[in-house]
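The chains carry the letters A, B, C and D, assigned in the order they are written, with residues numbered from 1 in each.
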């Protein structure tokens, strides 16, 4: 097991290098930041001066060398737009995103697993149809729609919650709810699907013969066997959130990594993009390692060499 | 509990049918029987005659739909279980009525440790976690699971067939049920273990007055254990009565048939011209296989320097203690497990690390019938697809247009019918699935078939038919078999030579006749001694 | 603590830069800093577009390239240093620091350089490398930062002479200004202002509605509630620029047809807000040089069609597809506006395709050197002239040399050249003349609307926005109820 | 044999007929198929019939509410912000929407599951390479990818499909691989392997049928997601440009009218959800039909004796 983790980390390090190289060179194909940072009227001289000041006129390979050299000292560079160290900005934004993702995934998983597993007890039954419709609607509702409607209803109409912003616990309720809807719908569907097969297995009969409670049969015996695709899909959704719950962050004014990355990409703040990608990739790679390990934990027949 | 009722459990007029794509299958028709406290009822009968289905009905384990209980009642101390609420049924299951399932690999949850699963029976009926664990461990030791403490947290797939069966038994007897339904509980156990397990059951019966419903095809067990016997055929009970009466004066033609088919009563194989020099097909030298120690358990040497040869046209019987490495031997020869040491060759081709061209030959010429037939059949394929799969893989054997007919022939040869071709594995009984697996192995017409407990779930008459089939193939096509079995009479009647295994080692090997008449190793002697037919206390 | 003087303002985009030398080029910096933290030497009166004293009390032009400025006395920076001639020189020099790449400087001075020196503690002399008749206007856009401000790095806590000190700033979530007690002028009512930002217009509207904020900027026209929302011309004028180099756009009849083929008034109150004004020139009516006599192009589909047919008859390739570039970030409802225009042109017989592009591509389309591999091209764009003089529009957009111009018309160049060095009425009338020529004869663009923004004003405060609000939001002008 | 088969109440009907019958027994699935047919025909003939009518701008009918007939029956669902009939736009938009979403989903499904089968089956260095590349794709910001495609390739529908497909490949890949890891350890796969079945056959005949239902479930849910995210690319200039449009673009357009004219975003949202839901119901039906252990659910209903 330990050997496996070790080799996985080594492989991930190689992927990380590939990712960084890709991002570095490909991002620079997407236009020159001068066009955004200087006023449109700027003269050619001003534009050249800007490029020189930020090293954009060096050959790409030289720019890359500088980047790597700084990175080796854990210097991720300065944000072109904000003129602050990239690392500070990313590390400031990341906890918000992580917290959002964790809370939303937790809620989504709990709700989805319970409803999906119960729905699978009688495929095409009333509960199943109900869960089906709700979860599908949840999985296909646009986030912005949900977010705005939620604000209009809970903050403006009922005045139960603040509209947006950071602050106490109450500020997180709406964003987390909105964010959990799609993963919840998606996961519920996957749970339902794989639970249907699991419930018709022979070991479920054995459990019944032992007199095990129905809830235990469902949530202990069948569910664990049905979990493989569920955690995969949940992992994908979590990855999406780590990459940034952009809509939710933007609408609710939560300063997360998603918003930061979107802005940086739009403003061609290359150093930020690189720094952000590295940090999120670390989290995503770690998540994927955790998921792969959990396969083996969930199903002892799966072993990694 | 109504005291005025005479019987512990009484089944009246039970009929069960299944819906299938081709119409309705009447699995059980108007079956009635009863068991009293401390009594043992044995149900004998043809494979597929409805034994398992009728007993599952008792515990509410039939899937309804597609199954349907069309008539009858099941009275447990006067209470009709078919009408009981789910919660009531749950209360009784496990604590008052328990069942040992036929197919142990599928019946155990693959993702939980076995100890946990045994302890669950206690927990489900209100015992605390700690106590449940310690009692579960006690039980596992009682059913002679080797190294029980160390292997408490191992998973079902890490155990041998017989070990799993003992785990199932432990689970069933955990709470001293009033009624124990044992569906082929000892098919994977070697005779000495089997004898001790049966004694355990008997003790329980005596101590607690447990009623025992024994489903088996082993007439030796029936004779030794049962008070009364019911014979089923075609979903009906055709004959019932005290054991002695039925065995000595069978009334029904089917019962007579059954009793006559018992192996071992017919002497030694007539066919074996065993001294003739024949070319060696498989040569195994010093083969070892150890399973790496998991968290707690020590390294298991499943195979310990095993050497033997198999000649063309020969049947090599492999007998031995449950968990002695027989299945592992088969799996290692087929390359499913990596050998730790040693060599094995088939006609001078390396079997353990074959080149890709060698592998094609090996796959074509060596087939296997797995110990767990259910798991070895793809649940999403029809029987026809399953049996014709070898032809789909090796196109040269049979043109596609002949598949259907050939599948039908094979099904009939193994005692099934042509109509079964369109059904799916889950719609069959345990013995029927085993025969489907045999039919598939035969389909390829290989040179060697490794049968791992291939006939263990078959009633004696079908068993006899299958053995006869295998023999005739051997005579006609020169097939060779490695025949792993616990049923010594069957081995004696079929094998030319026999290996005896224990703790991963071959303790003795020799010609069948010599071995059975003049066993050398003490373990072999013990084994022969324990056999109810050959040497045991109830030998005829 | 008394919170009654504290207000919250919700902006439409994050304040992640607070460098005062970009404050006229980047709206939100100006909205936060200008006239609140950092003051300018002069100021423009929005009502009349006249330049008024501020930190400077008087100014005079010694010769075409020299200006003398008299400073207000008794003014202190928020950090306690004195505001005097040396401070002004430092602030002006800072504006030209190469490390800072001040956007305002790039816009205001182009290639002109200046040399400032203190004549006495309260007089500054500025020499310019080229004549700058608009020096007072220019000075209304340059922030006077404290001498201690770094000249090599963008400041993150600007210090000025304004009525509010820069108190705290979390680029991720908010920014706070607090009243500066040592302010030289009148004491404003608002004690403390917290700026937050939400990109979604509905959210900004909601926040004011539920009382989480007192002022909400950039309310979407469709969310407008007349009870709370005030509309104002935001200084932006939208137009479609025509690249007049390729057929059929090189034919003036086609350019006229493009202007005639749709009904500007039908947009008002539908896609555009009801207060939007159809435009005839690329500047607000309040800008000096605007010609009142010019009317927006009328809606005359018949004539448009006729012009197209006429051109077709003369062999102009009128069917060539014309690419119309736009970028979503420019204006709300842009998509809808362009689609409606395209339908009008289609009816007139012209084939225009909408091409939405990314910000950078859009900028690259708009400025010289223009991309060469393109067909007949038009670009949608916005422009705001808050300085109040036509110069800031005309030279860039309508002269041959202009960085954003597609015209090369020597006669027009001559008029504009003369206007730019003239003053007073002559200057105004020359610009007006140029505007007439442009609209009537050259037709280098399809002038659309003077745009309107809405601000939502909460019940606790009162405020009257005007066209400068997009670039500065004076807290002192906010009164509490 | 011992069991009695009551002679088939089922005469030898053709396979098509049999499946139709099975479909008929699931009323929800029947309705779903009808709806999908409707969408299909709309996609096929919609543009030819209503293309110009759906693009006719009429500012007088701007945001006309649903059920207002003064502009004609085509305005039964109301009008959008340019006064165009929402109904007609739904019909005409079906073509582009389906083309785009279906191609993107199918591409990522095929590529993702193909790679997933390889990665799961081989579980050696090929698997490691595939999985680490997937990690990179998961961590690569999708907006940046979109921009790169935009700058490097010429804008066009194919490129939107490319972007959408690439970013969604990992979910299919990881799901497939996880399932394969488990299924390939089952005895029936082993049994087929020692019969000499080629990896291709093992995967196709034995592993795939177990994995497919989960993949299809995910794909149907992804469908809605892809339809919505496509519109977020079009503002960059990637994708379908007006006057062409998709349902996703219609939803995006209605976003700013949520609080004043909900129907502008609502109906296309409903269309997307209904399509996803129909696909999902149909997939559920397929799952049951394809699983012999479950199939009785659709069969037994016809003979409630």
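One rule holds for everything that comes next: a residue touches a chain if its C-beta (ideal position, glycine included) is under 8 Å from a C-beta of that chain, and two chains touch if they have at least 3 such contacts.
Computed from a prediction, not measured in an experiment: that's the story for all the values here.
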Open item on the list: Between C-D and B-D, which chain pair is linked by the larger number of C-beta contacts?
Closed with: B-D
Task: Centre distance in Å when subunit B and subunit D are each reduced to the mean of their C-alpha atoms - done: 46
Task: Rounded Å distance between subunit B and subunit C, as computed from the means of their C-alpha atoms - done: 88
TODO: Round to the nearest whole Å and give the separation of the Cα centres of subunit A and subunit C.
DONE: 39
- [ ] Could you list which residues of subunit C touch at least two other chains?
- [x] 202, 358, 361
Task: Multi-partner residues of subunit D (each touching 2 or more other chains) - done: 147, 150, 258-259, 291, 293, 297
Open item on the list: Touching pairs of chains, all of them, please.
Closed with: A-B, A-C, A-D, B-D, C-D
Task: Contact set on subunit A toward subunit C in their complex - done: 30-33, 35-43, 45-46, 49-50, 53, 81-84, 89, 92-93, 96, 144, 147-148, 151-152, 155-156, 159, 162-166, 250-253, 255, 263, 266, 268
Task: Sites on subunit D touched by subunit B in the complex - done: 1-10, 186-188, 190-192, 194-198, 201, 205-206, 209-210, 290-293, 295-297, 299-300, 303
- [ ] Provide the residue numbers of subunit D that touch subunit C in the complex, in ascending order.
- [x] 55-57, 59, 62, 81-82, 147, 150, 234-237, 241-243, 253, 256-261
Task: subunit D-touching residues of subunit B, taken from the complex the two chains share - done: 19-27, 29, 46, 48-50, 65-66, 105, 233-235, 334-336, 359-360, 363-364, 366-368, 370, 372, 375-382, 389-390, 392-394, 415-417, 419-420, 424, 426, 437, 440, 444
Open item on the list: Considering only the defined contacts, which subunit D positions touch subunit A in the complex?
Closed with: 26, 28, 128, 131-133, 135-136, 138-144, 147-148, 150-152, 170-171, 174-175, 178-179, 181-182, 185, 213-214, 217-218, 221, 224-225, 228, 251, 255, 258-259, 265, 269, 272-273, 276-277, 280-281, 284, 287-288, 291, 293-294, 297
